[in-house]
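Letters A, B, C, D, E and F mark the chains as written, and numbering starts fresh at 1 in each.
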Amino acid sequence: MIIDVHGHMSAPDAYYAWKASLLAARGSHGGKPPVISDDALIASYNAPHPSFGNISHLDHIDGAGIDLQLLSPRPFHAMHSERPTKIVEWFTAETNNLIHRATELFPGRFQGIAGIPQSPYLSVEQWLPELRRAVTELGFVGAMVNSDPFEGTEVPPAMGERYWYPLYEALCELDVPMLLHSAGCKFPSREPYSLHFIQEETVSVWSMIQANVFADFPDLKVVVAHGGGAIPYQMGRFLPSVVRTGVSYLDKLRNFHFDSCLYTQESLELLLKAVGTDRVLFGSEKPGTGSQIDPATGRWFDDIHLLIDDIEWLDDDRRADVLENNARALFRL
Amino acid sequence: MIIDVHGHMSAPDAYYAWKASLLAARGSHGGKPPVISDDALIASYNAPHPSFGNISHLDHIDGAGIDLQLLSPRPFHAMHSERPTKIVEWFTAETNNLIHRATELFPGRFQGIAGIPQSPYLSVEQWLPELRRAVTELGFVGAMVNSDPFEGTEVPPAMGERYWYPLYEALCELDVPMLLHSAGCKFPSREPYSLHFIQEETVSVWSMIQANVFADFPDLKVVVAHGGGAIPYQMGRFLPSVVRTGVSYLDKLRNFHFDSCLYTQESLELLLKAVGTDRVLFGSEKPGTGSQIDPATGRWFDDIHLLIDDIEWLDDDRRADVLENNARALFRL
Amino acid sequence: MIIDVHGHMSAPDAYYAWKASLLAARGSHGGKPPVISDDALIASYNAPHPSFGNISHLDHIDGAGIDLQLLSPRPFHAMHSERPTKIVEWFTAETNNLIHRATELFPGRFQGIAGIPQSPYLSVEQWLPELRRAVTELGFVGAMVNSDPFEGTEVPPAMGERYWYPLYEALCELDVPMLLHSAGCKFPSREPYSLHFIQEETVSVWSMIQANVFADFPDLKVVVAHGGGAIPYQMGRFLPSVVRTGVSYLDKLRNFHFDSCLYTQESLELLLKAVGTDRVLFGSEKPGTGSQIDPATGRWFDDIHLLIDDIEWLDDDRRADVLENNARALFRL
Amino acid sequence: MIIDVHGHMSAPDAYYAWKASLLAARGSHGGKPPVISDDALIASYNAPHPSFGNISHLDHIDGAGIDLQLLSPRPFHAMHSERPTKIVEWFTAETNNLIHRATELFPGRFQGIAGIPQSPYLSVEQWLPELRRAVTELGFVGAMVNSDPFEGTEVPPAMGERYWYPLYEALCELDVPMLLHSAGCKFPSREPYSLHFIQEETVSVWSMIQANVFADFPDLKVVVAHGGGAIPYQMGRFLPSVVRTGVSYLDKLRNFHFDSCLYTQESLELLLKAVGTDRVLFGSEKPGTGSQIDPATGRWFDDIHLLIDDIEWLDDDRRADVLENNARALFRL
Amino acid sequence: MIIDVHGHMSAPDAYYAWKASLLAARGSHGGKPPVISDDALIASYNAPHPSFGNISHLDHIDGAGIDLQLLSPRPFHAMHSERPTKIVEWFTAETNNLIHRATELFPGRFQGIAGIPQSPYLSVEQWLPELRRAVTELGFVGAMVNSDPFEGTEVPPAMGERYWYPLYEALCELDVPMLLHSAGCKFPSREPYSLHFIQEETVSVWSMIQANVFADFPDLKVVVAHGGGAIPYQMGRFLPSVVRTGVSYLDKLRNFHFDSCLYTQESLELLLKAVGTDRVLFGSEKPGTGSQIDPATGRWFDDIHLLIDDIEWLDDDRRADVLENNARALFRL
Amino acid sequence: MIIDVHGHMSAPDAYYAWKASLLAARGSHGGKPPVISDDALIASYNAPHPSFGNISHLDHIDGAGIDLQLLSPRPFHAMHSERPTKIVEWFTAETNNLIHRATELFPGRFQGIAGIPQSPYLSVEQWLPELRRAVTELGFVGAMVNSDPFEGTEVPPAMGERYWYPLYEALCELDVPMLLHSAGCKFPSREPYSLHFIQEETVSVWSMIQANVFADFPDLKVVVAHGGGAIPYQMGRFLPSVVRTGVSYLDKLRNFHFDSCLYTQESLELLLKAVGTDRVLFGSEKPGTGSQIDPATGRWFDDIHLLIDDIEWLDDDRRADVLENNARALFRL
């Protein structure tokens, strides 16, 4: 069985058209979402998508043998930095509602990872009611956290700073993991959102270790998306700190989990060796950035399960850990 | 026959969903618009719209006896101030394309008023190729001009300043009128876009008169939307300038045309008396802000033709001027 | 009898010269005002004024048959945004003192409308002692309120925001109306102060209705200057909200009073019809912007009483309401 | 005979009231100055002034035996940093006109030192037409230069920077000295204008020496007001530079002239010794800051001629140089 | 005996190299200072210094007959405005440690004047623990206070403002004088740090008098460095205030003490006459700015004791006051 | 034989103390560097360094069998963003001089990689004279380029933008490779300089590929430090672009070379497989971040040559390419 912790929702055009309208009217039309029928919502998972190789969301996950996918919002659409803040709140709530409806319309295929209305112009405490609603009322099993709510427009507080503590407290209290995955990136032409994801993961892991966040929140569960940004590859850079602190950097890294969302076998192997097979969760981001067929191999670039199959030194038990058991334990599935 | 100079395009959700994606990806997906079939485009004019009293665009204009409507972009969606500037350019070009296709799919019912990619981060000269394309290649008969390309985020150059001269030159050279109608308003919570329209029209007329723009551009044709903002009502405030300048303010005002987009008979009468029946063009903004049924009268609020019918002192010739002839002359229809 | 609710003080040059000095020394000379004798003060009301058609303040109001004029500070001189804040406080206090002396030197001719030291760099609470002094010690019957204390240099809080609540509370407690009339406009070359008045009135009425201020302050009395900016003319734009809110916009508008300071008969008629004759108070702004003789008619542009006389459909009772009774009731005169 | 190079104009209240109006209307009333009769202008020199010990301008200079006074604008009123820039230009031109009229109304008593419309938002070249007009048309013998046209709101270019070169070129070409004397100081509460004068003189002299301006303009004539700020007292601090540069700082200082506007004998003596008696020009600033009677001595604080008389080591020739000859030579009187 | 209240520490290159590293790494290397041996520290006082005439610190003070020197940090190195604030704290603490070690390694030759970690991004209260440590644990006899912790990058609160009161309270409680001496000046090219010292002293004395700080802190002891900036020379400018306030400015000035750090005899005489011989403390700044030999005289420019010797009107007792007794009393030496 | 392309200079404390002084005085002391004798310079390479495991620079490279090391400036000390710009120019020139002297004092052991005075407040053209001097006069074989001259204080132009073209032109003309290696990072507490290096390498490679820089500069040679940041590990993310562009991302990557500065075998293997053994150059950064002994293995963390030895699948020829031949070819050694 395969559990995919890194999947993003599908939705019909009406949802995105409504988003465009929220941004244009800046809230002066009120926050009422469009009526989206069950049929329309189901269709958005069954219709071929031109950006994702012209097959549907369900075809993608079926083709990869994914039995259960954790659905989170499409991150680059999160619009956390937009104003007024109420449009962020309205949009996030409706996003969670649509994910929740998908979990019910496709029983057993999906579980929800909540979006959070992370406006940098609200206090962190003001983000929490929607998080609580998603977990306690909608039954979501985790939450996606954006380390840069400014979406590139200002330097945000690093993830090791006390700014984030109310969120960490809530996650621990609700006992759900966070999927560390940033969102949009508005101005700096140097970093499109897809690169911003990687950069944010790198600074966030660094900062949480540096600030020793897990000393204050030993029960905090963190899944770093995209295989941890640059961290596993550049890990050697941090190893000498053992001389100064007496604690191995590898031990510190084991406070985190990482998804497998990397599209080359060598990188996957590096990740598994660097952090351990008990710290890696299968994540495909299907359908998404990698949903194109490699002309050289005929495989989808994001057929990560095939790459994992190809790793010869991975025995069945550890392969099962990565594909299923680690996620099941961490998310209590 | 009725010619309506103030109508805004309809479009299917796919167009707005694409816009949402442009804003989220900030151009990193490229500028390729979605494929919108003729059927889908036609349907967007024939489908009942929940925000506009649940009848369709065509039902609205048929019901009002509008024979020909000049279609411009939906102003609050113009997103002139968004970055990078190429997303403004891409979106404006596709917007004009969709208007053009509507004029062809509904022969005789529509003519195009062009959107202009008025990014404040481009030079005015850089706006002009799309304007020229719309007029010379797509056959548009006018252009919509936003006096506040910053959409409320900074103080823009007033319409009387030389900043705008390259645009005025192009409009004169192309010999098409401009419809003065601002677009979105992003930050100042004091002014939703709908109020921003009015305020911008007021300052723009004031500024163009003050700076004596028509001395430099005697052939410039300007239609001020929404009955001229506050100008006709507050005109008395400007009359004493005759003592200082020797020129009547009323004469200066007659350099402008005004649409009839006001929803009360008293205001329409004031407008007609203040600027003259030869300076008012029928404009309904249908379907739009006023597309609700007045519970007190059973009329649509934006049934402006009925209000004009109700003005007893208006004789048939002058009524025809307002409803048809003035537009025909100004736009050479 | 005619009561004019919209008149601005006269003063000798020494007062303005002192103001120039306050601004130049930025308070380093202290706040002691110049000695202005009763004779000098009286003379400032009796001397012909070159900017106002070369007749005097008293000649103006006598000529218009104004029996009682409510005197407020000259708004464009208010200098609310100047620093340090103490010079605003000094200047406002002396301004109120001079108005008070005028009410005593011309018994029965004037009543005072207080200036308020509305520095945006003070808290609203810090504005209130001078307001209280003017009402309780000097006997003023109202207060002039500037909705833009930044005078165009920043976006101020809208009049519907809680920022303004301490002021509304004080006005209700003192039981005096506010005359909504903005002041200077420093930087945006797009809006000279005279146009700024109009724009500010428009956004302020809109905001107070939108935010439902009168639900919190049912006893708040507001007189909107200059006939309400663009509101009565553009009222149609707001009427459809009845469908959404169930409350007629016209009913909401009746929470406000409006002065008659418009210089064309059509606009006056529109105002009277739109808001009702019981909501309009005679206001002339004499001597002021309109104090020039119309070469076409030989009338002063600001001879608003003549325009009111010319409205044929207004019967004597309602004309008396506008000219006297409404003011008498609202201001308890 | 005594020539006083540092006197500031007197003017009636109408002039300052007009200034207050320019600032309040920000130019929207146009730039026409008030009509000031010859009598009114003469009276402003003959009337006792409450801020200056209750005697008149003429009494002050008569009492001090001043035969000829060079009249410059009142610096703290210069308003160089105000916007729009045209109000600075209007005000400066009228200021020069009033000085010119005083020189004609009191033949032989006054000569003019020109104000310059030093708006930091104009280019330096744009300042020059008024300077040229004052010298060539009005016959002024010098110009007052403000080293901080921002009046404390931003850091201005130092006087040694090339920014100032167009002004230096014009002064050399017109062959008139500049009186280095700054103007207002708006925001920094740490520096009232009177202290700002001193600080600006200090940094200006330092900068011009540091940048070696006199190598580029050997004919530039500079009179530093108020005895040179801190420079003569702190001169020791700069003397060691001789080791590095090979040129004595004292020699560099002799490129400047200084006025005697210091109110203690010790400071005057220090100045005379530090820079030489051939580099000091009598300047009293009468009537001004020092125009109060010292209760301890019964003298006016600004009776600088008495302090100079008291300096025993100064022989008659050198005393005459300071009181008359140096000014006569430098200003070609 | 001579006590010099104005000497700055010497230190080996390792100390400055560490500072360079703190600035480059911005704290990411931690705050551990370099190991500096006693020999190295002693050598830094005994080695000839190329910037200071190629003789050593001890040779300088021995040559001038200075028996006891109060050692403070080198002000231009204080780096108060650098970030993160912890590097300011680390650097200041180590600076005080090195001064303390010098007082112990050269018994009887030095006493410590403490540096304070005056980061403008810390609260004033956060500066105080290090001040307390220096006085109570290290035995320092005074503290150096920088009136511009922003080092020229922003306008700081003036020394008369309540911002500074926690510092004044601590100084009074600890019963140690402050040496008013600013530090670096980063951006404004108009003011190198050496000139900044003078300017800051001028505005600080002015502000403390203006705000009447000594009324609130009658026991506050202040030594103004460099002879008080411009104050004694420009004192005449402030004398007329007696008329307004009834208190002699000279009396107000006597709340301060001044050091003698001026390199010309005339200035020293002016200082002594202006503030009184009981208010001047010998201060040489040796080795420092003045440590060059005057080619004209063969003397070191900073041989201030020779200048004092040359003042004929100073009798022995008063000379001893300046050279020793005043310091002994003020600092309780 | 081993050639190490990534070594940073050593220098005595006097050099860093001078840097501290440049920063404190902001150039007001002039730009004269300290006298550093050959002995002192040699000693700085031979003395044990406390931060680098207490052995010397030469011991480090000898111990690793490095025959020839390319010496570049210590990047975190580059201070490119400091002002005034002349201190950056002075410091960079002296830095290059010291590197040059080291190449001469240790014949055959070192070659120079030039620092460039990359002030963001100079034009790129103004950086080039020092680059040219280093290559043509000092014989340097490459140049270090910092992609973020603002050092974290602003968003710099991405390396794909035309801003950088004058530098690329000069490098091509001089025919020397650039070592892509950023410098300090001042404000964002989220990114210490060591992490900033990695982030900057990632965005720079991405940007140069995205903008197709090598189409314009086919001869540009780039060595990306630290194994390319996140690029090789996250390469999968970029592979799908082949579908859109028709060009393999792997082919694009081969326009770059990468150093081997990674401290784990798995990462080195990933790098070699991802980009090819002909694109990797041995680089150790010795002595530097990794110069600590791993308590688990007894090896120095930065003993990268041992890690390369341990890669079994690397045959001798390809190992020699990495250790020597690739560098020899690229740098023409």
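Simple rule for what comes next: contacts are C-beta pairs under 8 Å (C-beta built on N, C-alpha and C of every residue); 3 or more make two chains touch, one makes a residue touch a chain.
This one's a predicted model, so the numbers in the text were calculated from it and none came from an experiment.
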Contact-graph separation of chain A and chain D, given in steps at minimum: 3
Neighbouring chains common to chain A and chain E, by label: F
Where chain C and chain D overlap in contact partners, by chain label: none
Chain pair with the higher count of C-beta pairs in contact (E-F, D-E): D-E
Chain centre separation in whole Å, for chain F relative to chain E (CA means): 43
Centre-of-Cα separation between chain E and chain B, whole angstrom: 69
Intercentroid distance (Cα basis), chain F paired with chain A, Å: 34
Cα-centroid distance, chain A relative to chain C, in whole angstrom: 57
Numbers and ranges of chain B residues touching at least 2 other chains: 187, 189, 194
Touch-based graph of the chains, sorted into line, ring, star, complete or other: ring
Ring topology as an ordered chain list, initiated at chain D and continued via chain E: D, E, F, A, B, C
Chain C-touching residues of chain D, taken from the complex the two chains share: 12-21, 23-26, 28-29, 34-35, 50-51, 76-77, 79, 83-84, 184-187, 189, 192-194
Chain D contact footprint on chain E (complex, rising order): 155-156, 158, 161, 187-191, 194-195, 198-199, 202-203, 206-207, 226-227, 229-230, 232-237, 239-240, 242-243, 262-264, 266-267, 269-270, 273-274, 289-295, 301
